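The structures considered in this document are given below.
Below, chain A partners chain B and then partners chain C, in two separate complexes.
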Partner chain A sequence: MRDLALEVRGLHKHFGKTEVLRDLDLDVPIHSIYGFLGPNGAGKSTTMKIVMGLLRPSAGRAYVFGRDVHRDGPAARALVGYLPQQARFHPYRTCREVLEFVARLYPGRVPRGALRDRTDELLENVGLAELADRRTAGLSGGEAQRLGLAQALVSEPELLILDEPAAALDPEGRRDVLGIIESLRGRVTIFYSTHILDDVQRVSDRVAVISGGRIVADGPVSDLLTGNESTWTLHTRGCSADTRAALTAEPWVTDLDVRSRGDSEIWSVRLVGDEAAERLLHRLLLDDGVDIAEFHTSDHTLEDAYLSIVRNDREH
Partner chain B sequence: MADATLDTRDGMQRTEANGLFRGLRGLTAAESTRWFPWRSLTFTALGLALLVGNYVSWLAQKDKILGHLILSSLTLWVLVLILMTVAATQSTVAGEIAQGTAAWIVAKPVGKTAFVISKFAALIPVVVVAMVGVPGVVARFIFVAAEGNGRTEFNGYEVMRLVNEPSARGEYTTVPDWADHLGTLGLLMVIILVIAAAMVLLGCVLGHATAIFAVGLMIPIAMVVLALTPIDHQFVSLTPAWLMESFIDGAGDNPAPVLAPVVVGLLWIAGLLGVASWWFNRREL
Partner chain C sequence: MSTDRQPSRFLPGLGGLLRGELARWYWRRILAHTVAWTLLVTGLLWYVTTRANDSEWRGFDLLIHIWWIALPLGSIAISQNAMIEERQGGTLSWVVSKPVSGPAFILSKIVSDLVGIALPAVVLQAAIAWWMLPALDPKAGLAIRQPDMGRYLIVVGVEFVIIVLFVTLSVCMGTIFRNRGPVAGIGLGVWILLWNSPTDIIDRMSIGGLVSGELSGAAFKPLTEFLVFGQTLDPASGVYWTLAWAVVLTVVATGVFSREQF
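Moving on to the complex of A and B:
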């Protein structure tokens, strides 16, 4: 437990008859940058809200640095900076006042004399220096998101929990957020949810995929990328519907996407297995007399891995 | 609850306080910034304007009956105070929940109880100083000044008789002395704080600010109606209605002790806030 910043065990949550989380387990190692992926409604925000004490679990426990978040909630949350999915602030406070307000809730974390420098630095880092004295009621969605990130950082937390930190941001804002996350690597544990798989691949050490309220994949990003699936792209001519049907029926084919281009077709075939599957694919097409103009493997991205995991989970 | 020693990065240890009231001081201080200085000054100005306006119009009257000034000033001022309290407090908790800022705050290292109590704690200086204290003290000087001009004088004790028996005019009494006046103000503060605590509770329980405003308005109305209803004193002795009755007695230089209704009022406040905290702790945000 000592090596874990966040530990979740057997978490269940239901709203009425709807079961949102089912026996969810998570281990977020200290100093890791941990991506939390899943389709809409999979339970990402619910998990984070339970960890932050905003929702009560129906069953199970969550621990922050070994402290039960429900029995010792305030003490556990003292170590956490949290950015909710939709950052909300008092409309009558300025950006600077929001940060000062939050700092006041973490006594001893930011010395009074250093507060001004700390807020200036954070506002500068998130690109809000010029809006420091503007009331939050006048902020755009992206600016509010930036301020949300700054307030999560103001207490210099050990664990940063970010719910879709780049969702409302333009490309520049996204880059800034990734830069901030990157700059905290090795000093702060970051647990964040996102739909932007490219970002996860860029900055995350580890990833968990949640689907239907339970974790369906969990591990280092590199492990997910080197899974036992591969995607092949083929430019074909003279292919019959029977060939496609036969290919789809093969147990080692997990996905087939066909697009027409003039009198030829571009196939994207996802295979389970190693070189054997590749040879089988090649042979099957040649046996059917398919004219193959191009045949190459594509880079396996996190998006491929994610879609495959989620699709497999839904099928089973 | 005992303090917690946490193992964090690099084997560092940090001792963090636990407990329902954690963060109360910081939250109260932050909440106070909502009230001071401008809102509080507005409350003070409203109260003073009402009392001074009453005095000026009273001066313009031919029959300068001191009892009329005391009656109309106190009645109007108490009504305005109650309305201001309901209006100002209906959004303190409900507004935060509706805006989503309640969830944002309780995700910080603060107890949910501290969140609820801070809303009330920040109001105490506003009520004591801005709403009741300053205008109330000034009111005494107004009454004393009026005493020199008035033909007939009624103190607050005669208020009920004045209402019920207009023929009672003509009894000559003096303006209540400072001790009685301050006792009356103390009672009024307690009544206003009971209403504020009730509004905090409503904010925790109900989900809509308008509904809270409407229900909140019913509380002082019910208190006044009960206070004016001749029912068994024993039966009402622990109700807010008794506080209202005590206020009327206090305003009337009644020798009845101020301490008892103040204690009852404080017990009511503690009970209302206790239920509010319990409810808010159960609530998911």
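Moving on to the complex of A and C:
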């Protein structure tokens, strides 16, 4: 527990008869940037809300730096900055007042004399310096998201929990958020959920994939990227439906995606990636008389790994 | 990991929440309320007393009567929004995701509304009436003479207890219901019940027995009789019971709120 910023053990949550989390375990090491991935409704936000004390678990425990989030909630939350999925603020406060209000809820975190400098710096960092004195009622969705990130950071937290921090942002805003996350590397533990897998691959040290309310993969990003699958791209002509069906039936083919382009087709074939499977694929297509204009393997991306993990989980 | 910057174990977050809530009252809101309460209480007091003939002159009884109408209604109107506004605006879950406790959140709502209502509606109007009513007294009669300062402060305290009751009631109902209608409706129902209580038990167990009554005839309200005629505060139990109800309502509100999920 000593080296963990966030520890979740045996978490269950059900709403009525719907089970949202099932025996979920999670270890987020101190100073890691930890991506939390999963399809819609998999339980990402529910997990985060339980950690923030907004929901009570049906069973199980969660600890922030060893503090039980339900028995010792305020003490645990004092170490956390949290950005909810939909950031909402008091409409009568200005952006600066929101940050000052939040900072005062964390006693001793921001010295009184440094509060103005701290809020100015944060508003500058998230691109809201010019809107510092505008009431939050007039903010766009992206601006509210930026303010949400600033308020999560204002207390100089040791653990940052971000529920889809880039969801409402334009590309520039997304880049800024990634830049802020990068700038905190090694100083703050960041646990965040997202659907933007490129971002995860770019900044995360570790990821966990949640599906159906339980963790189905967990580990360093590099481990997920070196799975035993590979993706091959083929530009073909004259391929029959029988060939496709035969290929899909092969046990070593985990996915086949076909797109038409003019009189040819582009196939993306995901294989259980040993060399024999690749040779077999090649032979099968040549035996069937398929004209292959191009044939190359693609880099295994986090998206490939994620889709494979989620699909495998659903099938089993 | 830092461990030296922990929130207070007693009502964590109360200071920050209270400061944030009170900041809403600075300065435009408190000025608007000051103007509105002055027009309502002092304006009505001045209007009625300057047009009253000797037999209709009620002096401080009229002030207590106006307060008994205005304070419950004003408290309900302002405090029915305290929880509903946060919940409907989606800010409730945001605030409680900070290092604050449920009781601290509830208390910050109650205390800020008490201050925001009591200062312009009771303290300021009481000060104005203290000087204005004797000056308007057409015959310097018994019922409108300058009262004893100590008794006047107790009357102001009783009026504050009225605000305490209706603010805590509204905040408590705001934790139970999701819409303003039931919150305001229950507050109004309690006010009407206390004004027209069908039994002495309610009079003795609430503030209504001290301040309700008609604004005509020979009888004055018990609180007026205490203030102007030097009688004992009867039933004084109403004050204690009302404070006890306020404590119960606050405990219920924190209990319900602590079980809420977001």
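For the reader, a short list of remarks on this structure follows.
Following the convention adopted for this analysis, the second predicted complex is superposed on the first by the 316 of 316 C-alpha atoms of A that agree within 3 Å, B and C clash if a C-alpha of one lies under 4 Å from a C-alpha of the other, contacts with A are read in each partner's own complex, and residues count from 1 in each chain.
Heads up, the rule we're going with is that a contact is a pair of C-beta atoms (placed from the backbone, for glycine too) under 8 Å apart; a residue touches a chain by one contact, two chains touch by 3 or more.
Quantities reported herein were computed from a predicted structural model and do not represent experimental measurements.
Per the definitions stated earlier, placing chain B and chain C onto a shared chain A by superposition produces a clash between them. In the superposition on chain A, A:Leu99 makes contact with neither chain B nor chain C.
Once the two complexes are laid over each other on the shared chain, residue contacts for A:Leu302 go to neither chain B nor chain C. In the superposition on chain A, A:Phe65 contacts both chain B and chain C. Shared-chain residue A:Leu247: touches no atom of chain B or chain C.
In the overlay built on the shared chain, the residue A:His31 is in contact with chain B alone; chain C does not reach it. Touching of chain A by both chain B and chain C, each in its own complex, is seen for residues 30, 49, 52-56, 65, 73-75, 77-79, 82, 84, 86-92, 97, 101-102, 104-107, 158. The residues of chain A lying in touch with chain C in their complex are 30, 49, 52-56, 65, 73-75, 77-79, 82, 84, 86-92, 97, 101-102, 104-109, 158.
Across the complex, chain A meets chain B through its residues 2, 30-31, 49, 52-56, 65-67, 72-79, 82, 84, 86-92, 97, 101-102, 104-107, 158, 187-189. The touching residues of chain B, when paired with chain A in their complex, are 1, 3-4, 6-9, 14, 16-19, 22-23, 25-27, 29-30, 33-34, 99-101, 103-111, 284-285.
Chain C contributes residues 1-2, 4-8, 12-13, 15-17, 19-20, 23-24, 89-91, 93-101, 261-262 to its touches with chain A in the complex.
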